[in-house]
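Labels run A, B, C and D following the written order; every chain starts at residue 1.
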Amino acid sequence: MVPLSWFLVLGAALFCIGVYGVLSRRNAIGILMGVELILNAVNINLIAFWRYRTPDHLTGLVFAVFVMAIAAAEAAVGLALIIAIYRTRNTVIVEDVDLLKM
Amino acid sequence: MDFPILTLITFVPLLGSLIVLCMPKEKERLIKQFSIAVSFIPLILSILLWVNLEKGGGIQFEELVAWIPAIRVNYHVGADGLSVPLIFLTALLTTLSLFYSSFTIKNRVKEFFFLFLLLEMGMFGVFVSLDFVLFYVFWEIGLVPMYFLIGVWGGPRREYAAIKFFIYTLVGSVAMLLAIIGIYLNTGTFDIIQAAAMRPFVENFTLGALAFWAIFLAFAIKVPMFPFHTWLPDAHVEAPTAGSVILAGILLKLGCYGFFRVLLPMFPEQFHRFAPIIAVLAVISIVYGAMVSMAQWDLKKLIAYSSVSHMGYVMLGLAAAAFAIGSKDMLTSQAIAMNGAVFQMFNHGIITGALFFLVGVIYERAHTRDLKAFGGLASKVPYYYGIMLVAGLASLGLPGLAGFWGEFFVFRGTFAIAPVYAAVGVIGIVFTAAYILWKVIQHVFLGPFNEKWANLTDMETYEKITLWPLVIFMVLFGLYPPLIVDTINAAMTRLLSGL
Amino acid sequence: MSLPQILFLVVGVITLGAAVAVVTSRNVLHSAFLLALTFFGVAVLYVLLDTPYLAAAQVLVYIGAISVLIIFAIMLSRKVAAPDLVQRNSQWLLSLIVAVLLFGVLAYLTLQTAWPAAKQALGVDAIGGLGEAFVGTYALPFEVVSVVLLVALVGAIIIARER
Amino acid sequence: MTELYDWVRLIPLFPFLAFAIILLFTQRNQKLSTYLAWAGIGITWLLGWTIVFRAIGDKHVLEEGFRAPIFSIPTGRGLLELGFQVDALTTAMLFMVPFVCLMIFIYSKGYMHGDPRYSRFFAYISLFATGMLGLIVSDNLLLLYIFWEVMGLCSYLLIGFWYEKPSAMKAGLKAFITTRIGDVIMFLGMLLLYSVTGTLSFHEIFSEETLHFLKETTVWLPLVGTVSVAPVIAVLLFGGAVGKSAQFPLHVWLPDAMEGPTPVSALIHAATMVSAGVYLVARMFPIFALLPETASMSVVAFIGGFTALLAATIALAQDDIKRVLAYSTISQLGYMIAALGVGAYVAATFHLITHAFFKALLFLGSGSVIHGAGTQDMMEMGGLRKKMPITFWTFVAGMLALAGVPPFAGFWSKDEILAHAFEEFMHKGVMSWPFFVWLVLSLGALLTAFYMARQVFLTFYGEPRSHHMHAHESPKVMTYPLIALAVFAVFLGFVGVPEEFPVLGPLFGHNLFHHIVGHQYPATPLNWGVMGLSVLLALTGLFLGWLVYGRNPLKEGQPDPMTKLGPVYTLLRNKYYIDEFYSKFIVRPAVALATLLFRFDNSWVIDPFVNLVGKIGVWLSDLGRIFDLNIIDGIVNGVAAVTAWFGKILRLTQTGKAQNYLLVAILTVLLLLGLYLYLPM
């Protein structure tokens, strides 16, 4: 039997790797990948908790599915944005995209 | 009185301001006339209120409706001999200010009158509220229109002044809010009268002291007391004339009123303990304010600082009364001191209000307030000179005019309780005479005529109409003080015997 | 050590290793492929958690759609995928420390807690229950998600469209 | 209003109405304004004298007083009652004040003729009369104080009446502020009295119980320790009198008050303002005399005697005709105060009344001279005797009265003071205040006679010492009041002839004045020696004056013989440099302190450190601010500046890069988590 805590530690590790990716990549696509990792980590947690703690209620499972759906949508929009930015500014380096600071 | 007179007084201006908001911007005449007409309603009602007030009858004209039942907040209003003169003063000064402004305000007329009526509601609200939350809400409501009045229609440094005023007052308000919550947690009610009756801090003096100082800060800033006064000269100088009048005439009274309505009944022990500190601050305010006034060369700033001095009398009377809490044989002196303090509040409203109007009158013409720039105007503008002289003399406490009685009673009451404070405070009287007569009267009106002002015109009819009511009150209350002291005394005696 | 445990450890190591490579690789295209590997590892974990349905969805959605999408995006912005480009920004070290610390805290908290060791028996039919939940209790969120997906689709097209 | 005395309520009312109506409505119409003012004071005069002559025969009123309440102010559960009254002292004053005022009012029509603010002048003097009349009929100290201050205001307005002249404007301010200092001290005395006894009504203060209570009560004073309360009250109240009656050290305003129109000088110096101070001491005399051995009496005696001599010496060296009279007024007031200080209550009151008449006469006479000669400088006058005969003769009558030559009014009153002081001195020995008072006042009598002789000879004898002097007699409206006042200056003294005096004593009702005013005090016995000496001194003074100024009248360009006194003359002429002293050590430091405080309050306006904010940095500048006394506003602005500084620093964090923000967010989460773990729950 795999203990619950293993899944949790693995989820945490995946999450932190994702965080690192989001924080350290210069490339917008790289950041997006980090985000995907984070979402996966979340999903692992959701399902692990569902399976070990409340197998009778499907809430965790349902939310995992939702997360997947949202991740898909997010990836689609995010990548579209990246493409759009790339077209207008010819870069996907986020540091060059700092219109926020004016 | 079986109709909700206080509610009407409070919310008629709100209604008026909303209607003004709906009026088309171009119809300035209509807006002005309508606003003035609206402001007459509370004025008439407040006279009715005073006439129908039963002297010594405690809180009257009460209305009590549940507002937020979950935390027991009620819409609870009422008035007594303390608040009725102030309500009247508010109504009077607002009407006069609106009237005066209708001739002097040229830009953004609609916004001005809208804000002014909103401000009036806030001020009335504070004077009638008997519920902490309601009190606080109105207290804050008054802040916003004033901010805009200074910030939009003010002088060259208006933004600085407005922000300073706002932040200063807000700091106090936050402290007060915390204290109010503290009181609520201790008593389970937001009702000012009930909470005071429960004496929430008898057992826990330290907690009470904390709450006391928090509320003290809020009110002392508003009064303003030394050393929380530095917002006042800026705000006054930059505010438009009507704004200065209301600021000096009413907004400062909100702070004093808070001391009487909230602080004294709620924290008698703490007030008694800390009375020496407050008395010292009051005496400093009196003497220091007067001396700083004497050093001014800007007419408006001079009068602004004189407010610090004059409000010091109010605080001295109050502190003296608190000094003697617990000694039963001092009731007469306490009552005299408090009567003087309240009377002084009223007087300061009409006198300083008049002085600010007068500053506005000359500023409209000369576009300067520099005392060195004038000289010998008495023959050129005799009417203006006469009115200014009366107001100035009332301000320096000349017997026979209203200002004297306030000072006399304050000093009389204080002297019996804490003679040293009174003796030091009396020095302020000499300096007041000096700055009014030397700085204001002499530099503006006397001496050789300054040819620069050869085209100066005397007061217009509208200016006369604005000032005469105030002059009449100065003389009336000066010659026959029982007219108002009867009302105040009954309320103060009742308040004191309850401590 | 039982079989699932060994399986977990192996898959876990592969997954994490792939994930680390994803965020550190200098070549974005490599990252994208490794990301697909990571997703696959996660899918295996789902199986270990008795949700083969979800594992299938993971493979379909993540590997089949998202990874491919990412790869396409990289292709479309070809220049950035150049291997010689520095992919780390200036705050990478701080980020690393933060990430490690965060992991430390999370792991510490997790291990501190006494979790029930064993799985309970799966009382309900997970897949069937899921289907019922989507049209029953969670009908509304489900519909909302479908709208979100639609909007994202339309939005992506509009954003990425050539003008 | 059944009793005649009830009408006392109306006494201050008529002039007040005249004041209000003139100021509000009839300013344009000079004639109407004049008649209104005349009517106001005239009706009051008639009413006043009706009451006076009724009261003189009414023992009950003289001894008990009659009170007419007006209104009362609630004080807690008690009441503060205000009202008017008629009693012995009021009666005496009521005889003098309205009449002298009326004379001055009539005279003013001539003197002020052609002034651009003619009507306003009448309004102001009507208010002035209101103040004085109200003061003498007040039945309590508070009301007295109110009218007292009203007079202070009027003195300000009237002394500075020609405010275009900077000197007049300054003199008005000086008068107001100087007396105000005295008033504040008096105010404190009043507060103390009120606090101790709980009443301000004369009737209640002077009741047996209250006086007894005051005798027993003590008060703790800083530096002094525990003392009886009565002398403290007395000395404080005396402060007011010192200011109003221009006693040393607050006498400086009065000579400057000569800047006002001459009728005002007459009004201030004779009938009203300065008498008020003496009146106050006389009114509160029971408190002063309650513990005669304490400071209360000696302070009064010393200040009075000292002032009498000081002012008399200054008067010797003045050239301005009105200034001489001004200092003589100060000196004579010193006589009255000193008299009160040795307990000569009746004599002081008597001198107050007689002095009012002949001093009003002298001032109006000098006004007539100024009106005719067009100058105030005696050195330019001379030989006016023939051109202004009526003025001359009436002036001489006043001069002789002031010098104390029998049988003029001043002789009797001055002699009574000296006799009383001598009597007390005989009781108490040489080392006592009465001896000091007697000595000083006798010396003062000599000086008085001398400077008055000097004035008369310089003004009226010899030849004019200025070419552009075209003197003429004043119009009748001015000379008639002079004659009326001269009659009183000559004959009024007889009402106070000592009872023992042969022939005159019995003839004038056995010292009628004493019977009216001093029923509770024993009469001062006649003392031929003192009387002889005072006559001798007066005559010597006059003779000396004739010797120096009369025998060989001064020619044009010839210096005043007084200059031979050298440095003494310079000292006297500059009034002992007291003005300069005050200006340097009191006025200027006060103004400087005010300015300093303003800087303290407001230095951010001029504060150069504000400019350094940007350059050196906000922290450093804040430090500077604290050093630069800017403690108060600095904190407020400092908070803002610190906020701005933080803002500047924090602005760096606002990179616009989402990753930065995220990093910070996560760091924060981490921090919170760490805290959560670290802190025990």
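Methods note: contacts are C-beta pairs under 8 Å (C-beta built on N, C-alpha and C of every residue); 3 or more make two chains touch, one makes a residue touch a chain.
What you see is a predicted model; the values in this text were computed from it and never measured.
The interface with the greater number of C-beta contacts, when C-D is set against B-D, is B-D.
Taking each chain's centre as the average of its CA atoms, chain C and chain D sit 99 Å apart.
In whole angstrom, the spacing between the mean C-alpha positions of chain B and chain D is 36. One finds 6 Å separating the Cα centroids of chain A and chain C. Centroids built from CA atoms put chain B at 61 Å from chain A. Of all residues in chain D, those that touch two or more other chains are 659, 663, 666.
Counting only residues that touch two or more partner chains, chain B has none.
Among all residues of chain A, those that touch two or more other chains are 19, 23, 94-95.
Here, these are the chain pairs in contact: A-C, A-D, B-D, C-D. Note for the complex: chain C touches chain D at residues 89, 91, 94-95, 98, 101-102, 105, 108-109. Residues of chain D that touch chain A in their complex: 654-659, 662-663, 666.
Residues 659-660, 663, 666-667, 669-670, 673-674, 677 of chain D touch chain C in their complex.
Of all residues in chain B, only 164, 167-168, 227, 230-231, 233, 288, 291-296, 331-336, 339, 376, 378-379, 386, 393, 398-400, 404, 408-409, 411-412, 415-416, 419-420, 422-423, 426-427, 429-431, 433-434, 437-438, 442, 445-449, 480-482, 485-486, 489-490, 492-493, 496 touch chain D in the complex they form.
The part of chain A that touches chain C in the complex is made up of residues 1-10, 12-21, 23-27, 29-30, 32-34, 36-37, 40, 43-44, 47-48, 51-53, 55-56, 58, 61-62, 64-66, 68-77, 79-84, 86-87, 91-95.
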